[in-house]
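This report concerns only the one structure given below.
Chain IDs A, B and C follow the sequence of writing; residue 1 opens each chain.
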Amino acid sequence: MLKIENLHVEIEGKPILRGLDLELPSGQVHAIMGPNGSGKSTLAHVIAGKPGYTVTRGSVTFDGKDLLALEPEARAGEGVFLAFQYPLEIPGVNNVYMLKAALNGIRKYRGLPEMDAVQFLNLVKAKTKIVGLKESLLNRPVNQGFSGGEKKRNEVFQMCVLEPRLAVLDETDSGLDIDALRIVAEGVNQLRDPARSFLVVTHYQRLLDYIVPDAVHVLAQGRIVKSGPRELALELEQRGYDWLLPTAVA
Amino acid sequence: MAALLDTLAREFRVDADAPFAPLRARAFANARRRGLPSPREEDWKYTDLAGLTLAATRPASPSSEHAALPLIAGDGPRLVFVDGRYSAALSSPISEAGLTVRPLSAMLAEQPAALASLFERGAADDAPVFDALNAAFVEDGALIEVAADAAIARPLTVLFLYEGAEARGHIASVIKVRVGARSRLELVEVHYGREAATNLTNASTDIEAAAGSELTHYRLTAEAAQANHIGSVRLRAARDAALSSYSFVFGGRLTRIDVRAALAEPGARVTLNGLFVAGAGQHIDHQTFIDHQAAHTVSEELYKGLADGDGRGVFRGQVLVRPGAQKISAQQASHNLLLSPTAEIDTKPELEIYADDVVCTHGATVGQIDEAAVFYLQSRGIPAAEARALLTFGFAQAVVEQVQFAPLRAWLTAALAGRADVPLPTPVEESP
Amino acid sequence: MATSPDVQSFIGQKYDAGFYTDIEQESLPPGLSEDTIRFLSAKKGEPRWMLDWRLKAYARWCRMAEPTWAHVHYPKIDYQAISYYAAPKSQKDRPQSLDEVDPKLIETYNKLGIPLEEQKMLAGVAVDVVFDSVSVHTTFKEKLAAAGVIFCSFSEAVREHPELVQRYLGSVVPQHDNYFAALNSAVFSDGSFVYIPKNTRCPMELSTYFRMNAMNTGQFERTLIVADAGSYVSYLEGCTAPQRDENQLHAAVVELIALDDAEIKYSTVQNWYPGDEEGRGGIYNFVTKRGDCRGRNSKISWTQVETGSAITWKYPSCVLRGENSVGEFYSVALTNNRQQADTGTKMIHLGRNTRSTIVSKGISAGRGQNAYRGLVRIARSAEGARNYTQCDSLLMGDRCGAHTFPYVEVKNSSAKVEHEASTSKISEDQLFYLRSRGIGNEDAVNLIVNGFCKQVFKELPMEFAVEAQKLLSISLEGAVG
């Protein structure tokens, strides 16, 4: 499904990713772990098409399609979703309204008819239950005045409504207490499906207790330096990352 | 309105052999031709000069009280001018490496050619009237140069004392500062008037900060109750230079200060802060202009004003972002307290922006002391008057606490306490 | 009730055949003098007092100079080159069908969803049929008459309600208030007059009908609205559709008077022709609008959405005279291409416990120059006065400008005034967030812009708010790369 080959990415001339390879098959959950500054968020942003990153080499394909050639909204249309580490506040723009515009934008991209207001609202109400998002938050401006936990829930809620085929969760666990973490994880687990893949970017192992990955990759100094089964995450928690770094190896 | 200029015409003597005599004459002629600005001009909307006259001064006997001024105490590098003339006796020797300071009068006598640009600018046809008058009359001042890569450890004080001991009413002075690349200087400019003085000060300060340099300029105006003060501060910050200029105004009848800061090259940062207290019979007008000429420049501005009695405080802050000057951050705030029913505040924060990649904000408030806070303090046992003074002080504190030069901070604290006539907590000072 | 025929004739007047033939034979050559004014006044069959009032204004105007302080640039206007009494274009000079009209204009009408008949009106197509059905008029008329509301053309009011006009005309905007107000006072063409009797809630928004019929009131429009004690009226001016006009200079005057406990809500959507991409041919809109909260607890609220005109010079203001009176100003001003706007408000607090709120949203795109100019004045008498001002500018493109010139003058120590302003460009991060959710670039921009303007839109009557939103996105088309 998602295939990344020899990806090199720079920000303002500074190399961040330096030859990253990754394959994420359909229906699987892969975790990306790594020390601070290793390029985890860069990877998430490049998949979603955030401006400001220069891909100098390599490719990212999604079902054989060149993702890098697509605008961010087209990537969403293809089924890519990024749950932001720092969800933006957008004053004056109603949450539900934004979501409806998003859903219909994606449907249009796929050649489907727009959803009418009644259908949409029913859908939204059903989905709020999954992540336990207060209905009162729906009609507030996007993320404005939301607590940290509410913002993260709102991200997962949007994911539930938009039903992507590839969800990239960028440090969705950061800033969440254990209850919120569990709820968010449950939302993700409910969406697990043979036709849907997840890339879970995280700094801590604890999220993976709830979202059990099929594979764990360690990203360090811009490359995947080690891949393994979920047990690798536990090992990382005990041993840290240093033993994997090229300097430590050498 | 002509009255002031007529009086000045009688005072204006120019010796034909003196350096720059033709330029001085032209500058004065320009000023006379144009006359004083009127409130119809946007720059002078809230300040009417119609009543500005030069009182016939009765020369007072020189005093010695200034020796006790806290700001003059200590042995730091210092230049002192009495009624506009350099006083070697009161000044202290300057021995810091990399710092050159000369009185303008000495320079005029010895190397006038170096001062040509100063007089040429004042004699230009479009020079503002008070700039022209400054060029026509100026006799003394301070020329300050900091060599490249020199960090001047001790603050340099330039102190103008107005004794009223001279027959001249209009006292023009100049401070010109050039801070070399990667150098650092703290400059304290003080205008202090003795009670009997009725002078009209016309003081011009011109500061250029070369690439990577750092300059902090504190300007304190504490003129006598019947004195008037026209001040002009021009700042230019080159690449990566950091310039801060503070204006504190206490005292004086009419005070008008123009601060113009140019962020001329990328990376320049300018901070303009101010605090004024317009008490009974006082009119204090600040006009600031921040000119973002280059991309990647940052400005910050905070002016706090207090108006009491029938005092009137005026603030106008212009921020200009020129076409092509992208990646700009400009923040400006004007906060004011009215302490009496007959006081007045006029504030006009302005943004003029011709680039799009900018984050510019401004805020202005005019209000009064929060009575709920007064009550809270009272309920803790603090008398109402003291509570108000504390809150007033707290309001001014945001500017005062930024002052790094301890004697000035102490003076400001005392001045704020003095006007409320109750003791205020003395801030803990670092040892001099 | 005597108002019914007035309203009827006001609404129908431009289609009245007799009226047309009458004036079509006479129109004045360009130029302005006392004679012009005498002719104009005679043409309208005005009483002596009205003529005298105009002449006095003219004499004052002659002694005044055109203001230059606004942040706008335009070539000098030759006031002697303007015709102050031009007959409307005859039917045969107008386009005979929509096919003859600029297709770009029609495209815009279609995007706004304007019905075909209305499109013809707006584009100035010759129409024989009065499209407003008689039955609609009758309901409208009956409703207003039953409530005792007077709503008629200014000319009618001069003839039929001279006592009201004489009492209030010029009492808010004096003749000599400013150059353009003086000019308007001398030569005003027509406009509307509204009187809401005591303790009356105007049974309908004075909008839809007016919107179609207020056109062709000429370039010097005059509006006077009086809300008597305890009354309420919501008045809607303008039109979302781009309006074309032969006259480049528009100098209108609007006066509002709210007596004790009365409330006037005045909403405007201004979309006069802005000129082409190079700024050629747009309307100069120099308007004086002022409301006087004369009574205790009165309230005047201005809401404006300004997207049109080459130059806008406009400061809808409130004089808060009555104790506890309230003034509000909500504004969205958009400048694109070469448009220039210098707009804002004045809140003059005179009475005790008066309150005002200012929310201004400026959007600059292309080479547009957008200036907010506002005055908050707290007089010594305004004990306990409050003002809150929020003034935000959004920049789209590196060749536009956004400027903020607020004046705050406070002479009362119990007053509280707060002003906040910000200027920034549309956030790339917000755009990316929306696009990453599948929303196209242009839609994402519209979402953000509408969010930016929401505080103002919510003050508009519902139906108008939707139109205003659409209007904004159309006006911004092509502004985003």
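Here, a contact is a pair of C-beta atoms (placed from the backbone, for glycine too) under 8 Å apart; a residue touches a chain by one contact, two chains touch by 3 or more.
These figures come from a predicted structure and were not determined experimentally.
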Chain with minimal offset from the mean of all protein Cα atoms: C
Maximum inter-chain contact count - chain pair: B-C
Gap in Å, rounded to a whole number, between the CA centres of chain C and chain B: 45
Computed distance of Cα centres, chain C from chain A, in Å: 49
Chain A and chain B: spacing of chain centres that average the CA atoms, whole Å: 55
Chain C to chain B touching residues, read off their complex: 69, 378, 380, 393, 395-425
Chain C contact footprint on chain B (complex, rising order): 42, 46, 323-324, 326, 336, 338-368
Interfacial residue positions of chain C with respect to chain A in the complex: 427-430, 432-441, 443-444, 447-448, 450-455
In the complex, chain A residues that touch chain C: 48-51, 71-73, 75-77, 81-82, 84, 87-88, 90-93, 97-99, 101-103, 105-106, 109, 141, 158, 162
